[in-house]
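First the structure, which I've put down as structure tokens, then a few questions once you've had a look.
Each chain gets a letter, A, B and C, in the order it is written, and its residues are counted from 1.
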Amino acid sequence: MISQNNKYRLHAIKTIMERVSQTRFWGLGIFVTLAVSLAFSSVLLVNFSRFTETNLITVEKQPLTAPILLSVILISLYLSLTISLNVSREYSNNTIEMLFYGPVDESAYMLGNFFAQLKVFLYSLIGILVWLNLSIWLLNLDFRLDIFLMLGVSILMCGQWVAFGLLVASWGGKRRNTLVYFMLTILLIGGIQAGDFIAATLVQIQSPTATDPLVVARNVLSGINGLISWISPYSQLSSAFEAILENSTSGFLGNLVLMFVEMILMLASSILLLKKKGVRG
Amino acid sequence: MIARMDIRPAWMRRVFLLIIVIVIMAVAAYSVAAQEELTFVYGTNHFNGAVFSSAFVPDSVDTFYLISDHISIVAGRLTRVYYWPLTNELKPDWDEANIVVEGELEILENDRIIQTIALTDYVIQYDARDRFGTTELFLGDAAVVARQNFEDLQKQYREDLAAYFQELNNYRQAFQAALAELQAGNITEDELPEPPEAQEDLSLFSTDLLMGFPVNLPDGNYTVQLRLPDGSIQPNSRKRLVVFSPIQEGIGYNVITEERWTVPEESKEANQIIYSLSGKKMYLEPFYQIQFNELFYTRLNNPQDTQARRDRNVWIPFEYVKDVMLEVNSAGSSKQIAMENYFVRQLTGSALGYEIMIHNPGSDRDVTFSGFAIDVDSPEMHIEVVDSGGNLLQYSQREIRVLNTSRSIWVYVLSGLPLLGGVAAVLMRRRSVDSGNLNGQKG
Amino acid sequence: MSMIVTSDLTKKFGAFKAVDGLNLRIAQGESYGFLGPNGAGKTTTLSMLLGILTPTSGMVFIQGEQVRSDSFSLKRKIGVVAEYQTFYENMTAWEYVMFFARLYQAANAEKRAEMLFEQVNLMQWKDALISAFSTGMKKKLGFIRALVHSPDLLILDEPVSGLDPFGIIQVRSLLMTEKARGATLIISSHILSEVEKTTDRVGIISRGKLILEDTIDNIQRKVGDGERILFRFANQTPDILGKLSSLPFVIQVSQEEDEISVLTDGAKDYREDLGRYLVQNEWIPLEMKKHQTSLEEVYITISEQSLRTIQEDLETEDVPSD
């Protein structure tokens, strides 16, 4: 039984969601992102085609896996960044306070924005699905229902990214801070992964002794990278895709649960952080 | 602003703290690894689904793995352990020290001893020409006999080889002399001496006569410990043992094309699709394979592995399939293709490449591979292997599709479609807002 | 029944007390003016009324229900016009108002919005982007947003700042309509004449404390130091100031050009007594009127008094104890 207060909250979430998602389609941003992500995915698909031309044979479970992965990640990144900037702009401009004068609280506001981005993502998935089906028809690829599962599970990954965007926005507050925090987090993760790769390569090339600081650095970076890989939405999504292709129900559900829990944790943290900081910028 | 400045250093402090903890842990792990004294470790010579492999179980690893219902050897050893930075693993220096620890291996289940295994001699042998089909483990007296037989064979081989070289030497001398006679016109070419028959290589491989505990257990989680002759438990010998079974068996294929036969593709999964080009010919070489959990299987071979995952499986090929037919279904028609032996001939000169030919049984050439030839002449084909009785071999179904590579450029064009949608959406929005302004001015 | 009750409402920012033990009681349908100098704690109080800020101690009740940030049912009944309003500039005015109407689940929203747009003369711009609006237009749009759901409680922070005189009249008319509808109004403003015109009762806050709260008439009486009566005579004689000064209830007599000002002790309305005295002395009054102390004068007086008290308090605190 939903309490009257929660009914009002749900209504607020729905109303905010509709407004935010509607404004996404007033600009070119989402359309350009979708086109760019599909263009990158096209590169992967064409590469697959060219490889088959050269190799004469390719054995693949689902050649659309990488294109799907790339496109949903790019769109999720865009949605994460835009919601982050959107919320911080509301914070800076004080429009958030106008909302909070009315029947809106922190959870309704955050969830409204969260679901708005998911709604936009769902529309984008329709675009991706159309492109996938036309590509299947063009190249004579095998049409399989697993692409629906992949697109379905990518909603959770997008949810994680959007929740991350909201968390960064409630952490950063002002627009500039939010942008800096967002970029720094991405750069830090990318930097650790690149550092791990470089250190591992150097260890292979130089064959250092066990006492070499390079080995210690490689081990440290590898440890952190392992942790990042474990919590990274990208890793979880690609693992979920793998599980789909391997028909591994436990692997699929395991990743699903992990993604869901991580998404909920980030969402809850963003709400609590906003509650703690207040809506007055 | 003040509050924000308070938060940042706290956050950074936590990150630095985390980094320091990780560095300390890494250094600690490394320092533990750099041991100088002899350490108790386990070594395994385990059945890996096809043949026997070996694995090293250092002190730092608390669990090792074996395949169920097959004898594998577990041995307790004292050795020196060193850290190998390239793989970030510990390695045994068997050359430096390899001391067998005598005693009995106790197998426990739920803290109750269910088996006690005595230290036993063992030998593993196989024919290097067909390792899959010939690997054998000998235990106890049979191991002693097998090793002795191998040594006898080796001795015989060396003697035969010496005799062959002697014969070869004699032949060369006789040949030189006959050649002079031939040049002098005293003999004809037919009278030249024949070379001795070449000595066949000894393809049998054998391990030394080793000592270990033969373990053969059903699926389950166990604990092992080594009880020393004085009744005490060898320190650090208590470890968890996971015994696991294969998940299923199936058929895999090596997929070969004439033009690139040196780089065949493998198709191990039934849901893999073999994409090719229209008009090409491909050869499928089927093999039996067995599926294991990835984590268990990887740790069977390397208990120190940290990359393998519990939610994935691996297929392990163990034998080539013989005496079967391939059923091909395409465009509503069905046909059966017989398995043939093929020989691959290298082409020289301007036609540099390979030619795959049906092997002539009378030829002195070896068979390169046995498989099925398929002409890729339909956009979509379904294949499966049936035995001589017409029964489908489990997990042998595959799909072959012809890729329309000429149309691949169109996927780029398709990716631009959202831009059209975007322009339409923006124009609609502008029109609705602008008309509002116009209405306002009218009003 | 009380619309708003605050009980020892206190808000601290670190060591600074922005609101200090505030006790308010505003009746349903009342129009309440909330006055105070900059930094007095007005906006902080209003924010606590709206659940935007959580009180450090004390409580806020609206219609008997304690206010929190998630008091959805309460907040649906409140309309707010903030001093500095911000808008979604990429929306049209109509989209913006309809968004808030949906948020508040306003009944007959379109009809009501149309009426409000007409009332503030924005109907012709309803489909224009808000980014193209002037400050005054935005202020009016803020009013439409605040009123579209016919709130029971209307909280207005500097409601007429940024409006031109014509806009002020439109907005005042809106407020009067709302008051007539039975809505409770809380108006915080620096334009005191506006408060004077639209409120029944005012509260004056300084340094977070409510230093005075009453009806406007009572405050004028309390703060005005008596009553001032102004005369103009047709036949003024030189001794008139001295004679008037000698009257027992007269405190002070002064003259500016042809206007004589008599300050009485304010115990009662002395116009009748003064009238008889003038007739006795055969002075012919051309005009006699009672001067009301304006809210501005009251506010300045109160503020000065408050400032003096605060300074005295500070000085006392500065004196080292023996």
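Going forward, contacts are C-beta pairs under 8 Å (C-beta built on N, C-alpha and C of every residue); 3 or more make two chains touch, one makes a residue touch a chain.
The shown structure was predicted, so the numbers you read here are calculated from the model rather than taken from an experiment.
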Using C-alpha atoms only, the most centrally placed chain is A
Chain located farthest away, centre of chain C as origin (C-alpha) | B
Where the CA atoms of chain B average out and where those of chain C average out, how many Å apart are those spots?
-> 85
Between the Cα centroids of chain A and chain B the separation in whole angstrom comes to 35
Per the centroid of Cα atoms for each chain, what is the distance between chain A and chain C, given in Å?
-> 51
Any chance you could list the residues of chain C touching two or more other chains?
-> none
Scan chain A for residues touching two or more other chains and write them down.
-> 26
Sites on chain A touched by chain C in the complex = 4-5, 8-9, 11-12, 15-16, 18-19, 23, 26, 93-95, 97-108, 275, 278-280
Chain C-facing residues of chain B, complex | 432-433, 435-437, 439-443
Note: in the complex, chain A contacts chain B through residues 25-28, 30-32, 34-35, 38-39, 41-42, 45-46, 49-50, 52-53, 55-61, 63, 127, 130-131, 134-135, 138-142, 173, 177, 203-204, 207-212, 215-216, 218-220, 222-224, 226, 239, 242-243, 245-248, 250-251, 254
Residues of chain C defined as touching chain B within the complex | 92, 94, 123-129, 132
Give every residue of chain C touching chain A within the complex, in rising order.
-> 47, 50-53, 69-70, 72-73, 75-76, 78, 80, 82, 84-88, 90-91, 99-100, 102-105, 145
